[in-house]
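The two complexes that follow have subunit A in common; it is paired with subunit B in the first and with subunit C in the second.
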Partner chain A sequence: MARTLRHVNHRLKALGGLLPLGAMWILPLSAGLAAALTSTFDAAVWAALFTHPQIFPALALSLTTGSASMILSTLLAFLIVAGLHRVTALQTWMGGFLAVPHLAFAVGFSFLIMPSGLLARVVGVFGDWAAPPQWITTQDPLGLSLIVALVLKEVPFVTWLTVGLMARRDVSQMLEAQSRIGHSLGHGAASLWLRVFIPQILPRMRWPLLIVWIYGASVVDMAIAIGPTQPPPLAVIIWSDLNSADQAINARGSVGAVFLTLVLAALAVLFAGLTRLLKPTFRSFLVSGPSVEAVPVRSARGLLMAIAAVYLIVIMLLAIMSFGSLWPFPDLWPSQFQVMAWEHLWDAPEPLFNSLTLALGSMITALFLAILWFEEVSARFDRYLLAAAVVALALPSLLIAEGQYLVFLKSGLNGTWWGVYLAHLSPVFAYVFIVLSGPYRAFDPRYRSVSLGLNTNNWRFWTAIKLPIMKPALTAAAAVGIGVSIAQFESTQLIASGRLSTLNLEAVTLSSGGNRQLLAMYSLLLMIIPFCAFLAASRTERRLQ
Partner chain B sequence: MTLHLTRVCVGVGAKSIIAPFTLSIGAGEITTLMGPSGSGKSSLLAYIAGDLPHPLTASGKVELNGVDLANIRPELRRVGRLFQDDLLFPHLTVGENLLFGVPRGNASRRRETMLLALQEAALAGFEDRAPHTLSGGQRARVSLMRTLLAEPYCMLLDEPFNKLDSELRETMRTYVFNNLRAKGIPCLLVTHDVADAPRGGAVYLINRAGVLEHA
Partner chain C sequence: MPISRRHLLKATVASGLLPMMLSLARAADWASIEDRAKGETVYFNAWAGSQPINVYINWVVNEVKSRYGVTLIHVRIADAAEVVRRVRDEVRAGKTDGSTDLVWINGENFRAMKADKLLFGPFAPALPNFKYVDTEGKPTTLNDFAEPTDGLESPWGMAQLTFFGDGAKIAMPPLSMAELVQFAQANPGRVSYPAPPDFHGTTFVKQALIDTIGQRSVLKSVATKELFAHVSPPMFTLLDGLHPHLWREGKQFPQTQAQLKQMLADGELLMALTFNPNEAANLVAGKELPETTIAWQFSAGTIGNTHFVAIPVNAKATDAAQVVANFLLSPEAQARKADLKTWGDPTVLAMAKLSQDELSLFASGAVAGSIKTPVPAIPEPHGSWVPLIEAAWLEHYGT
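Our next item is the complex of A and B:
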């Protein structure tokens, strides 16, 4: 009897861990997804989509943007890791770059490369230029500036992932031993990377790389800020359809979001098949024999320095531009400074306030839900939730935002803080859970037995022992959560329905030809908040070391 | 082929763990170095191979076939190594593992060399198998063959029989030593098990002071 009771008790506990998660994350996410998919059974709307004059050039643009940025950032990240993986600060650096939101980076980067940007001014000093050059550096029709901006933003992410994977004790020991044996068999460092390390690391990175690819192919805010316009990438067309007041166009947008998702899914499957087909070629390369080439460490260092320089310049440029009210072309420095933008923030702090409360609210909830899961649900179920989290992140945010908009419309959540908060929770929880799952499950359960033997209760054990041990992982997850929430665009815009604003929304609106001082100020704030969170997290980590 | 060590010593930082010694190993000779764990014997092998990890230090002259190895990168030294673990690459098949170290050249000739080595290891037909599907003894034989196919000028064995079960150990010892002798490769074996030392080879002991003694 007592045993059955205990059994029931266990079940109840697991249920207690699952219920809030189900209500706050699984339900809004799956309902949104279902709504997005079922809103598209009308054949006439599909016909309208396919007769859109720009759909195929726009789709091609989306696919090249996503593919080029994913492939280039992976290659460059591997070069950096191969050359500099022994540099212990590498991961911290990358974490700092990672904290910069895509949109804020794109805005600052376009201030750097646009015809009247800093780059042209610096070059102009030598060429005696009086007027901005006829460069088409931002919003170029091929989307090259968008690709470069995406690459600069994703290289830190892929590097951070790779370093993190290689730092895991089992992996690092394996690679260390393999490098000894590889050297003794006559292989230089470059050959070992190409033939031994990357073939083993790459398969473990396929999900994050898929997310990078889909992000690049479906990003909206960054594409509005720096991407081509005639035609824009497909995601931008869909986006303007979704924001249209005309119901027919609106429906075309819903169908477009599903169409883009289906194309990406089909291509992902096709790509998986293609790699299988190409396997014999790869394999014959793997065993073509020893080569003693060294890793181009200097190029790796140069690349890292260049990326770091761009980030620094972008941040400084945003800071200067938020004050500079008059900055005529060939000048390297503004001729007039004003605090107008910052005064504006003082008068209208609502976007900042909303961004902060949404970030903190969704981050705290996500941490709470994740901890509840880890404490109440057995580790063997983790992989199901991990899979769900990866799916939530891999699906274009356009699609989820559209679906959640439809669901929230019926439940009266649109236009409310709570609606936006629930929408933010979808990606925030997914990232927090992924970041936390490794460290949380690595916690040695014997600590608990030891501690409970020392006359402490469960709660004391948790607060006095487990929490301090888990603190670096928790603060890292919190920083990630804040960064993810701050950067949300599509869901924020649709569900806010014009009734509340955030830093991100203001910046996107201003990026298509608004006041540059305000744009710089909002973009800078977008960077500062996650960066502070990241700094706090890395300080916690360092203190414990 | 000869491996010649002159006044070689190993330490951690400023602390010495193996005092300077001089040793010469001729073609087909197998010299055994015995010592408890932590006595620095694995570090000595790492020094000879050229990948001594920080904070370990070592000095002294290492000559292979009369060439001083001091400024030669590990991958160019042609020093073959065997460890406790077979360290077969899990992402490659048995045959691909063997091909990995075969010097570049004609693809079909390289493949023939590989197939021949499999035959020699009594593993004919195993080339397309994944390493983890083989038994411990089979993997150890593949590992030895892989090292030999890279045509090393000397071999360093770091307790290579340690993880094999006792029955297999004796067979494997005979197999490895016969192979190395037949190919005339000088070989330095480190172990803490006296039974590992081959008959007829020189055996040294690292004593508590880190000095090499004839056993």
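Our next item is the complex of A and C:
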């Protein structure tokens, strides 16, 4: 009897974790997907997709940008952490950088590297150039500048994840003990990193790294800003198809999105299988040695400085451009200034307000839903939700938004703050859940046994013990969540239906005619709001401690 | 009431007769439309990528509020196709109080809405100010990309393919496609156009088709693959000759006209193109381009078309939307819009139909960056040519 009761109780608890999640995330998302994907069972549409002259080169481009950006940012992040993991400021600054929306960064970054950009102007001072050089920087056919921009944007994310993982008391104690053993066996720091730390850290980061890869392979806004055009990455073709007024072309876009997602899923499964197969080969490397190689601290520091410098230059450049209206080549400084762009914001502050409430609202809800799940649902079900979250992020936001729009039509949610909030929750929860899953599940259960043994209740245990330990991970998840919500465009536009506006909506619509001052001002705001919010949060967190 | 009026109108349009009695009845009808419009809110979905245009729409917002008691809200959008999809979804879901009351539209977006029966009307010919429209001199006010408007959209302004650049750097602007090829040859890497399906890019390719085709009249008919294959080779010969001299040797293209324009402002390109004949002047006024900027068109004419406003079939405030559409056609609103110092969008009205007072509203003169010598406007090919042009362009130059 007591056992059945406990069983029922257990079930109820699991249900308590699931219900809000189901109502607020799974339901709108899956209903949206179902509505959006109805056209994908038409063979003629698939035929139309495969006769698109750019489909395969575009797919190749998507896969190379995704893979190259993921691998490079992981390598660079490991180098930074290996060299500098004791610097606490590292975590704060990286957190600030990772909260910056991708597009805002890409806009500023392209102002820096394009042939008429700041870099060329500085070089041009020595060359006495009258016209911009015919450099192939932005829009290079191989997508290298897109990859560089992605790497600059993802290194802070991966660094943060790694530092967050290693800073946790349980993990750090374990690693410290292991490094003592390693040292006494004659391994240098670099060898320890390669042979002991990374093999333990990497598996715990597989889901976040998966979304870094998927992001790079399916990014649209950044690709339009600095990526190649003939052909563009596949996601750009899909996006432009989904945007058309022609239903046949819309259908081709939906099918294209399903195709890209299936290819990514197949490759992810293939990769997982391959790593299992190749484990023995890795093992032979792991047990070789010892090697006394030291960690290249100097290059790690240089790399970190370089990344921070790029971010700071980008922010300064955006600030100058938001005031300078005419800035012809090769001048190093705009020739005409006006405050037009900023007046705009001053006249209509409502979008700013909406952006902030939507970002905070969706971020807090996502954290709440994720924690509820982790506390109430067994870890073995995580993989299903993780897979759902990855799918939600792999599919184009326009496709999901269109489906949600159809569903919301029936409930009158379109045109309301709540409708937009639910739409933002789709990607925000997906990111938050993926970022949190590793750290949250790795929490050492012995803490709980000990504290319950000391007669503390669950709540007290959670607030006094677990929360402080989880805080870095939670702050990171919050930063990502805010950045993701602030950067939403398609879902906001469609579901707001002109009844409310956000900063990013203003940014995209007002700069659709190419006004660089407005574009720079909004990009700057979209960058510094999450950045400052994050810095402020980690400040108060430290003060409280 | 509006339904019966629409039926009546359809009947008269179909029979080709417009008896006096009917116009009297319509005047009474219009008074009641204005009556009902009072206090209604119109959500006007309009592209918002240009500051002078937004300022103009803001002026309209104030005017219709004080004159007709209509609250006009400018819903800023980046692309009208989004409105087409939104309205289509709403209508399919049976939503009758739609999110859009008025939309700024033309071309393929209009064709899609008309084909899917997503538009309210016909209403345009019944607007009191429609009588001023220059339907004879500007036939595109009744034919949107060769698609008859059937009164489902009301003309708002005229557009024409126009080129612009810095007069200090361009001694002789190219006044034909052949001269453009020579210009690109003389300035390698400094000319480009947006990649289709960006509609500016598609328009440039259409212009190339018009300038190389033997018989232009064929473009008025519905396109077929065979017909396109038959008439397009000279166009591809021209583009094949042009591309090696373009920016990045014609292997990469800017994605949008906005990007093209920015590359001109940065000095990366020598010229850009636009559909708004006064855009260059707007950019000079907005301090985005230097005072020395010039604008020009091909001397034998360039593609011209009309842009319209339409009312979705499920609009909530159809009366107020018509009142706004009518105000946009008024000589006063059209004159302000055509003023080169504001937006500079050419009027759809016939000067001959205006009174002396109304005529005097239209300011004349030139500003820096405005067109000096007007050229004939060549009507758009029928909309069915667009997908064929875009697909063929992609096949030739997409990879």
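Please note the rule applied: the second predicted complex is superposed on the first by the 373 of 545 C-alpha atoms of A that agree within 3 Å, B and C clash if a C-alpha of one lies under 4 Å from a C-alpha of the other, contacts with A are read in each partner's own complex, and residues count from 1 in each chain.
Heads up, the rule we're going with is that a contact is a pair of C-beta atoms (placed from the backbone, for glycine too) under 8 Å apart; a residue touches a chain by one contact, two chains touch by 3 or more.
Because the structure is predicted, anything quoted here is derived from the model rather than measured.
Colleague: If you stack the two complexes on chain A, which partner ends up touching A:Ser449: first (subunit B), second (subunit C), both, or neither?
Modeller: The answer is neither, since A:Ser449 touches no partner chain.
Colleague: Quick check on the superposed pair: does A:Ser288 touch subunit B, subunit C, both, or neither? Answer first, second, both or neither.
Modeller: first
Colleague: In the superposed arrangement, does subunit B or subunit C reach more residues of subunit A?
Modeller: Higher number of touched subunit A residues: C.
Colleague: Let me test your reading of the model: by the given contact rule, A:Ile224 touches which partner, first (subunit B), second (subunit C), both or neither?
Modeller: Once the two structures are laid over each other on A, A:Ile224 reaches subunit C alone.
Colleague: For A:Asn515, select first, second, both or neither according to whether it touches subunit B, subunit C, the two together, or no partner.
Modeller: second
Colleague: First (subunit B), second (subunit C), both or neither: which does A:Gln173 touch?
Modeller: After superposition on chain A, A:Gln173 lies in contact with neither partner.
Colleague: In the complex of these two chains, what residues of subunit C are touching subunit A?
Modeller: Its residues touching subunit A are 43, 45, 47-51, 54, 73, 75-82, 84-86, 88-90, 92-93, 95, 99-100, 108-109, 112-113, 116, 189-190, 195, 197, 248, 251-259, 261-263, 265-268, 286-290, 387, 394-395, 397-399.
Colleague: Which of the residues in subunit A end up touching subunit C in this complex?
Modeller: Result: residues 52-54, 57, 114-116, 131-132, 134, 136, 139, 141, 224, 228-232, 240, 243-247, 250, 325-330, 336, 338, 340, 402, 405-406, 409-410, 414-415, 493-494, 497-499, 501, 505-506, 508-516 of subunit A touch subunit C.
Colleague: Which residues, counting only subunit A, touch subunit B once they are in their complex?
Modeller: 177-189, 195-196, 199-200, 283-284, 286-292
Colleague: Residues of subunit B touching subunit A in their complex?
Modeller: Interface residues on subunit B, with respect to subunit A: 46, 49-51, 73-81, 83, 85, 87, 89-92, 96, 99-105, 107, 110, 146-147, 150, 152.
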